[in-house]
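Right after this note come the structures.
Two complexes are shown next, each including subunit A; its partner changes from subunit B in the first to subunit C in the second.
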Partner chain A sequence: MGASPSITADQPRPGSIYRPPVGLDVLHLPLLGRLLRWRWGRLVFQVFFFAVAGLVIYDGLTGPQLAPENSATVLAWVHYRGFVILALLLAGNLFCFGCPFTLPRTLARRLSLAGGRWPSPLRNKWVSIGGLFLIFWLYEWLDLWASPWLTAWVAVGYFLGSFVLEALFAESPFCKYVCPLGAFNFVYATASPLQIRPREASVCQTCVGKECVNGSAAVPGCGTELFVPTIQSNMDCTFCLDCARACPYDNVALSPRAPLEELTHDRWPARWDMVFLVVALTFFGISNAFGMVSPVYAVHTWMAQALGLESDGLRLLLLFGVLNLALPALVVFGGAGLSRVLSKRSDQPPLQLASRYAPAFVAMGFGIWLAHYGFHFAIAGLTIIPVMQSFLLDHGLAWLGSRPDWAMSRLLPQTWILPMQVTAVLSGFFVALYVLSRRALRPGTTPAIGFRELIPWAIVLLLITIASLSIFNLPMEMRGTFNIGVR
Partner chain B sequence: MTRRRLRSAICLIILGLMLSIPSSALGEGPGTGGRLIRLEDEPAGPYLLRVVSSPSPPRVGSLYLEVRVTEASSGREITDATVWTMATFVDGEAPPLVVEAVHAIAPIPTEYASHLPVSRSGVWQVTITVDGTPGHGETSLLLQILETSSISAYLSVGLPLAGLAALGLIFIFLQRSYAKSSPRSSDDV
Partner chain C sequence: MGLKPGYRPGRRSGERGNPSQVWFAVLLMAFTLLALGCTRRSAMTDQAPEIQVEVVELQPDPPAVGEAMLVFRLSGPQSAPVTGATVSLTTDMTHAGMVSAVADAKDEGNGLYRTTFEWTMAGDWILTVTGTLDDGRTFRRVLQVNVPGEGG
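Presenting the complex of A and B:
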């Protein structure tokens, strides 16, 4: 093992931040709280998700290769995505809490080759952004949603990536700096209602060992090196609860916070990578939904004819490069520049302006992803029942019946789904406007200046809302069929 | 290199080699979004049919069917049959549709696919007929077709614009309140 993290003098001291008293503490709820604080509490959930991941890999590699008939594609692209977005909305980063990919860590740590630190130039979110771009590009190019076999290999890739990085480095760089799923969860957990915090700040002030981050003899400290008394954000928190288990004073709480507390308070780090990540994820949401509707085929056809791009992968690379990288960059730099010009305050650095208003995109992006992933979950949530019936029958087991009931599919009535999508997107937009206004109204600035600053961002959010609703208004197309002659 | 590091390096190399082993279990090609299995191994004469529809839900103008034909006696997939799909409106009057299902537009190349541009919402009876060397087979299923969805422009454009306008009004109000309490301010909206 390499150097263990430790608290140093340059980190904020415990107690320097005002903390409202902790009310409800999930870690002290009957039964659930005890389970979560139990040394092996996380393992229970990880073993469950590990079994699910094992099923995804096994069925994906060996089962039927029709996507709606295979648990790999149904679990990964319908249930995982639905679960993640609902968990983030209602509680927090529950997937990272039960993440199966980190389960082989113990083995990896024993194999640890060098135990070095993650390279300094990569200690940011740029690698995650690259990973997100790659996974969304592969998703469209290779039709991951339609291939149980490839879906299984994606799961294998996650296991391998986590294992190798854990073996090579002392900390947990995969979670904090690499994992695209983690990056998605971290960003939207900033809007989640639960957060880790100390029960009593004074206890942390007198704590000598700082076990929550340094670890105790029996329990490791925070894998992503967050120090509980200074945690102001769910960013980088995997909800692993190692801090709670390591704390000798039982002083760590998982408690609700005021709605949108993190997005509206001026705590967002002034970093280009963070700004770009939240803005780009919103555009990823649009482009991912855009890939499901018929106009995307018109774009493909145009690109093939006008640009001579015969390769599907190249066309998607160009399309996603524009939608997911160039447009977010334009929004970030253009928005900051326009804010500065309109507010007539040239002393404000562009990074400061961009990081001030970027959190609004968390709300907007959340609405778009909720509308998209919620659609798939609502329309096909029950498909897992006939899929499991079919899986068991294929293995000679009739535990769930002698014939798959393929009529089972919808989780919610059809007529509810579009209104719910519209509500999700519009809610995201209005919450984003609220976040913008709260961040614009701050001491030392008049409402007029604040309004001029937020105008460019509000207009971008308006355009994103209209574009998203237009996409969700279109029927999901029969992908892989209408682009004949283009592929 | 210590024994421990050597052992670790060997383990990682073995893992890498395992990943590089080529596999023949490739997927059967691109599929369609929102597919639903409607019939699974449904008897149709000498055949067993699997019928998959998309998108989900099927809407007016867009009903796509994929049909896999297997010989019931041998389980062999039949790829040289003639497959026709016919849609008849059950809930009222609408012209019936008869379309041949072909390999050319099937995401899985050994299957047959057809696009049925159903013209009305309601229940349609879809009949699939198969003619091949083993003989003639036919089966039917009922599908509920929905109207195309539509969001009013008032909702998708008007409401967000109204929200933005309301934000502007709130800031005008706040600025006026601020100006009253701080008369020396020269800022305006």
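Presenting the complex of A and C:
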């Protein structure tokens, strides 16, 4: 292995942070806690998700190429996304916990080629942002949602990416710096109710080995190099629980925290990449939903006629460049600039202002993604039953019946879905306003100054809410897929 | 707080194994999946390749969101009408995660079959005609229909 993980001088000393006593500790619940703390506890979940990913690849490459009848597209674009957003809302980053893409890591380590550190200029979220942009662009351009074959190759790409980076570098750069899924999960896990923390801070103060990050002989330390006593955020925490297994004092807890604790406390890192990631993900949510309603075709037609862009890919590149990169940049820099002007405090650096109010976009984005992914999960959550019936019958197995029941689809009545979407978006908006206000009203600032500071951000959030509700209220329209070999 | 039972101090190891074992396992898995894939019924020959499905009438025309009616003709060799088949129609959007529906088609004689269903939204639809002939052979044909939306 390469250089030791970072416990750097700029991190707070373990004993310097006040921590309330840990109440409920999931890791000490009967049965579940024991399973999670077991050395192979994570592996149990990873093997399950690995089998699911294997099914996605196998069925995607060899099965029927009609998306609603293939487990690759149904599992990836309906169930994975529904599971992720609900898990983040109710518990935490459970997908990264059971991530199958990191399972071949052990093999990669055995093939370890160099073992160097991830390059310093890339030790941030810009690569993840690029990856998110790429995957959402490919999703729309190639209609990944309609192609089991391409969906399978996306899964293969994730396995290869994780494997290669693990083989080339000593740490786990794929999770922390590259993986678009991880970036999404990290951002929205900041609103999740569970967090890793020490059971007793004093134990960490006297700990010599720091096994939670350095690892023990039997268990590796934190792959993303987080040091338990200084963890204040779910950002970059994959919930792998290696820290808990490595701790010789059994002093790591996975416990609930106050609702919105991380978003409202002034702990958000002052980094442009973090600010941009959070804001951009909200716009990704809007553009992803916008791709499913009819006005997007009017925009395509206009771009083809006015700009002469005949290529779908180029039009989408331009559209997504504007919606997902230019607009977030405008919001970040414009918001910070206006905050500074309105508060009449020119001494505040733009980065400080942007990072102060960016966490509100976590709540806003969460509401939009919940409305979108929740829609597909609610309307087609049961599709997996006929899909698996069909899959088994395709292999001569009638374990789930002799005929797929294709009429099974809805998990919830259709009439519930729009009200639930509206509730999700409005909840996101109001929680975002609450986060803004909590961050604006802080020691050393008068309420009036705080209020003036948050005005531009509140206006942007209002506009985003109006745009989102308008999109979700439009009739959906899925077109442009008949040229990719759907049969 | 004391050390937990079974704890052994040390740093994470960088042990290396035999790469050939890894590649062998990967190749074995790939070949197994390939072999399984070749045995899938959907990958095998159609039981009734001579059956043709021809749309005779689709109402409303052009398609629009709402109730719809489809009449199609089943024909065999030399365009002979196929009667007595048990036929159903599955409607799907091209996007996984939309509402699917299944409707039985009524045999109206002379190879004509009629069914009603609903276009629940505009966009690209896949209509899958699945049937069992009176000799027990099954067939499956797919039709593609675009339901124009507000943008036309």
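Note that in this section the second predicted complex is superposed on the first by the 475 of 487 C-alpha atoms of A that agree within 3 Å, B and C clash if a C-alpha of one lies under 4 Å from a C-alpha of the other, contacts with A are read in each partner's own complex, and residues count from 1 in each chain.
Everything that follows uses one rule, which is that contacts are C-beta pairs under 8 Å (C-beta built on N, C-alpha and C of every residue); 3 or more make two chains touch, one makes a residue touch a chain.
None of these values were measured; they are calculated from a predicted model.
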item	value
First, second, both or neither for A:249, with subunit B first and subunit C second	second
Contacts of A:68 with subunit B and subunit C, given as first, second, both or neither	both
First, second, both or neither for A:118, with subunit B first and subunit C second	neither
A:150 touches, of subunit B and subunit C: first, second, both or neither?	first
Which superposed partner A:174 touches (first subunit B, second subunit C, both, neither)	neither
First (subunit B), second (subunit C), both or neither touched by A:164	first
Touching partner for A:188 - first (subunit B), second (subunit C), both, neither	neither
Partner chain in contact with A:447 - subunit B first, subunit C second, else both or neither	first
Which of subunit B and subunit C A:380 touches, first, second, both or neither	both
Common ground on subunit A, meaning residues reached by subunit C in one complex and by subunit B in the other	61-62, 66-69, 111-112, 143, 145-146, 292, 376, 379-380, 383, 386, 406, 409, 414, 475-481, 487
Subunit B partner contacts - residues on subunit A that touch it in the complex	61-62, 65-69, 111-113, 143, 145-150, 156, 160, 163-164, 167, 292, 376, 379-380, 383, 386, 390, 404, 406, 409, 414, 418, 422, 426, 429-430, 433, 436-437, 440-441, 446-451, 458-459, 462, 465-466, 469-470, 472-473, 475-481, 484, 487
Subunit A contact footprint on subunit B (complex, rising order)	5, 7-9, 11-12, 15, 19, 23, 25-40, 50, 52, 54-57, 59, 62, 64, 104-105, 107-108, 113, 115, 146, 148-151, 155-157, 159-161, 163-164, 167-168, 170-171, 174-175, 178, 182, 185, 187-189
Of subunit A, residues touching subunit C in the complex	1, 4, 54, 57-58, 61-64, 66-70, 73-74, 76-78, 107, 109-112, 115, 143, 145-146, 170, 200, 203, 209, 211, 214-221, 247-251, 292, 294-295, 297-298, 301, 376-377, 379-380, 383, 386, 393-396, 405-407, 409-410, 414, 475-482, 486-487
Contact set on subunit C toward subunit A in their complex	1-4, 7-19, 22, 25, 33, 36-43, 65, 90, 92-102, 121-124, 126, 128, 142, 144, 146, 149-151
